[in-house]
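After this come two complexes, each holding chain A, first together with chain B and then together with chain C.
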Partner chain A sequence: MATEQSMTVKAPWSAPSLPPTVLWFGVVALAWAALAHFQRETVAILWQWMPHLAAGLRMNVLISALAIAIGTLLGAIVGALELSHRRWVGAPARGYVQVFRNTPVLVLIFFTTYVFPFEIRLGSLYLAFPDWIKATLGLALPASAHVAEIFRGAILSITSAQWDASASLGFGRSQTLRWVILPQCVKRVLPPWMNLYAMITMSTTLASLVGVTELLESAKNASNTVNRTDFTVLIYLAVLTLFFLYCYPITRFTTRLERKYAFH
Partner chain B sequence: MPPAHQPPERPPLVELRQVHLSFGSNHVLKGIDLNVRKGDAVSIIGPSGSGKSTILRCINGLLTPERGEVVVGDTPVHALRTEAERIALRKRIGFVFQQYNLFPHLTVLENIVLAPVRILGVARETAEREARELLAKVRLADKIDAYPGQLSGGQQQRVAIARALAMHPELVLFDEVTSALDPETVGEVLSVIRQLVEDGMTCLLVTHEMRFAEEVSHEIVFTDGGEIVERGTPRDIFHAPRSPRTHAFINGLRN
Partner chain C sequence: MPESWLRAFIAAGRTVGLNYAFLLDARERASWLRGIALTAELSVLTILCSLLVGIALAGLLTSGRPWLARPARAFVELMRNTPTLVQIYCAFFVLNMLLNQLVGGAQNNPLTAYAWAVIVLSTHYGAYHAEALRAGIEAVPRAMRESAISLGFSRRELLAHVELPLAFRFALPSLFNNFVDVVKSTTLASAIAVGEVTYASLMIWVERDNVLEMMILIFLVYGVLTLLVSRLGILLENRLRMPGYGH
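For the complex of A and B:
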């Protein structure tokens, strides 16, 4: 196929295939079965702490979902701007990407936490600006820079013949982007985007360092309160498992989307 | 045989005057003069690299010449500056590419209706009805829901022609549209173009299908090295060329 000649970006870090995941699932399940048998009492304590951990996990889910949503929206726009023929549009966009890709995420989280006020005044209305939202922004900024690069790469991987064909039909540049180029990018963008989502999910634990009570912080609280080594080991194993249970469906969903957009 | 030459008072639809264009230090077009009158089919022949595609791209504004004039109808293409002006021009000109360049993520139907709906603002039902008629015309009615990747080269090229026609162009430019095809599918594409010429569509074709060019064209233009070496009726160019370069090119193809 003519269009197949354009390179298909094969990411080395594309979504994991099924067999290893199933294996990993089995190992985790087995470990928990063994623990429930040999460490009945500690597991019972863990069970009591479950609502506390679940509340923590909810915060991770919230932060990561919001950060990836903001990051994707912002990143798609910045990525398109990076390719603008107008220098005063392209250069700032590329600068934005360089700055936020090359700054440690933790620094950005500290930055957004201490730079933004704790509340925003809208006329006579005071809106609270809680730490978890600031941490979300701290994650969304580097995410948007990564998404911009992912989109830019995907857009550049579409042959110029598609631009020519579209222009010849009377499409302008932004219309070509909207109707012809970006829809073809979806498939190429999914694997690295998925990888980014997983990375952001992991990074949500950094929010604990600016006082957000998320899963890791909840686990630390529990561990300090119970103050037993076997419980500490167990609760961090639980944290691991919960993160896995959150990330795994994302992987599966992305694989499904990839198949849906496999049009050639 | 094509009809005898039309009366000269018919104004040209496309006119190129002394068009020059370079890519860096590569001087590709060296003063091209060309006329295509409304309703005519003109074929450009010539060796690869002689600037044939570049000529077509100057006509629909994908490229802008450094010097010279390109006029389509009463639009001075060489003087267009804004994207909006170029879009207005391109709506009137169909372009069919050697590599088809269909949109791989869209079905055949969506490929054809996308531009009429998004660019011309045609109602979706109207656009779909016309797409069905066009697909029947290029004998692909049964492929309406297929993706380009599921079609042969000849089928994809016929969809590409239907996609161009869906914009109701005044003029269609064909750039070696059979060169990428398997020999057995060349005929089905040529017969679609032949029908178009018979219906009175103004066509400018770059082609290596000499027998076809001779049969359908009102005029043949032979280019070599960025110049127009010779132009004339198919009979003159193919059977009584004046230039030794034309003679050599045509004999080279025969052997």
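For the complex of A and C:
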């Protein structure tokens, strides 16, 4: 009875318990509706620039997806090497992680952009090496270092008893890793990995500083072309909004996953 | 004496194909050294300011009053889910422009690009510190809080003498992680032409075409700075350790 009662009695302030993501999206939509109402003319110009901005945003999404893919592959390898019992394998891997985690992402993007050649020669074939791919590599390097750390942490979080048990069942070290340890790591890796993806997505704006036309660069171009105070305010607000709408759901989902997996 | 060392260093660099001749040019050397000093200065200033912002935000977040906590939460989420560079542009190209119009021309504007970099980076990382401190405050054992209240501590005293000292210790590792990120983020000031080390190096490699050489130096500068910050964190953790709390 007592539990039943406590279940039916609800505090009045918890009544509109919308998920934060929905709440935020509602607030953003309302704010832009208000802007569209009071600044009709400027919003109309912004609307004309929308295809331009959308093309920019596509570039951000493309760069971030490629960077996390390359970073994950490379990071998984480096993370496994870090755990190797052979000294000459583990030490360079740890050095790699240290260097790329402690260098600013912008510096790495400058590095890949200006140090790498602008085309690659494969026999008699010249392959263009465009700036956006170089920027992607510049983002993939720190991403791989972070992924390596995430993997290493997850693998070390599995108790050593499992390694011993697998060894007693006749599994080798790499077999244990492949069939026993890694499947359990997925849960622990997923939330920080998604956080990393949100971080990389936000870092894709740095590509604008090496001349890649992504969202921020498109906005800057638009603002310089139109050259109106109210339009400049609005277009940067639009960029801020777009990034928020893209990254906030990822962060929320990560927090939910973290809570879900917290005690398992 | 140092001049001859420099020459020896440059000669040694040349044998492995690295061009460090800019070190002999007094003007370029001075601007590059000034870049390092600016990076260090910007880092220290931003760390201190961001900590203040973080404490204020954490206070609002844990105040227990929805009309204070909600806007603070919204601000923190906005700061954490939008790119730092976009925030810098929003401040420098939008707020600064509006401020210019307000005070009547750029010549009357007291805020420089350097000041805007400090302001934006401080508020950005302040949001991250606030989360770390909030988690620290929530990690303070309930019994601790209750016994302080039973001893007649007011809310303010409770915060100042019981919660914050403990929360600070709990939050220390993540705070110093954030500080390392602050040091790394000072490169972003180069986007609005603040002459810190990345920008100063860029100016040199544009003239001399020695990107790789400058990159090695930049790696070293940030390596040393981030190492210093993380060592300081470990030192402080050990110094402040209280038996029975934390690890």
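The rule is simple: the second predicted complex is superposed on the first by the 228 of 264 C-alpha atoms of A that agree within 3 Å, B and C clash if a C-alpha of one lies under 4 Å from a C-alpha of the other, contacts with A are read in each partner's own complex, and residues count from 1 in each chain.
Just so we're on the same page, a residue touches a chain if its C-beta (ideal position, glycine included) is under 8 Å from a C-beta of that chain, and two chains touch if they have at least 3 such contacts.
Since the structure is predicted, the reported quantities are computational estimates derived from the model, not experimental observations.
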| item | value |
| --- | --- |
| Partner chain in contact with A:184 - chain B first, chain C second, else both or neither | first |
| First, second, both or neither for A:162, with chain B first and chain C second | first |
| Per-residue contact with chain A, leading partner among chain C and chain B | C |
| First, second, both or neither for A:244, with chain B first and chain C second | second |
| First (chain B), second (chain C), both or neither touched by A:24 | second |
| Which of chain B and chain C A:213 touches, first, second, both or neither | neither |
| Partner chain in contact with A:170 - chain B first, chain C second, else both or neither | first |
| Contacts of A:221 with chain B and chain C, given as first, second, both or neither | neither |
| Chain A positions touched by chain B in one structure and by chain C in the second | none |
| Chain A-facing residues of chain B, complex | 60, 62, 83-84, 86-87, 90-91, 93-95, 97, 99-106, 114-115, 118-120, 147-149, 156, 163-164, 167, 180 |
| Chain A residues touching chain C - in the complex, by the definition given at the top | 13, 24, 99, 102-107, 110-111, 114-115, 198, 202-206, 208-209, 216, 220, 223, 229, 232-233, 236-237, 239-240, 243-244, 247-248, 251 |
| In the complex, chain A residues that touch chain B | 1-4, 161-162, 164-173, 175, 179-180, 183-184, 261, 263-264 |
| Chain C to chain A touching residues, read off their complex | 66, 77-78, 80-87, 89-90, 93-94, 97-98, 101, 180, 184-188, 190-191, 198, 202, 205, 211-212, 215, 218-219, 222-223, 226-227 |
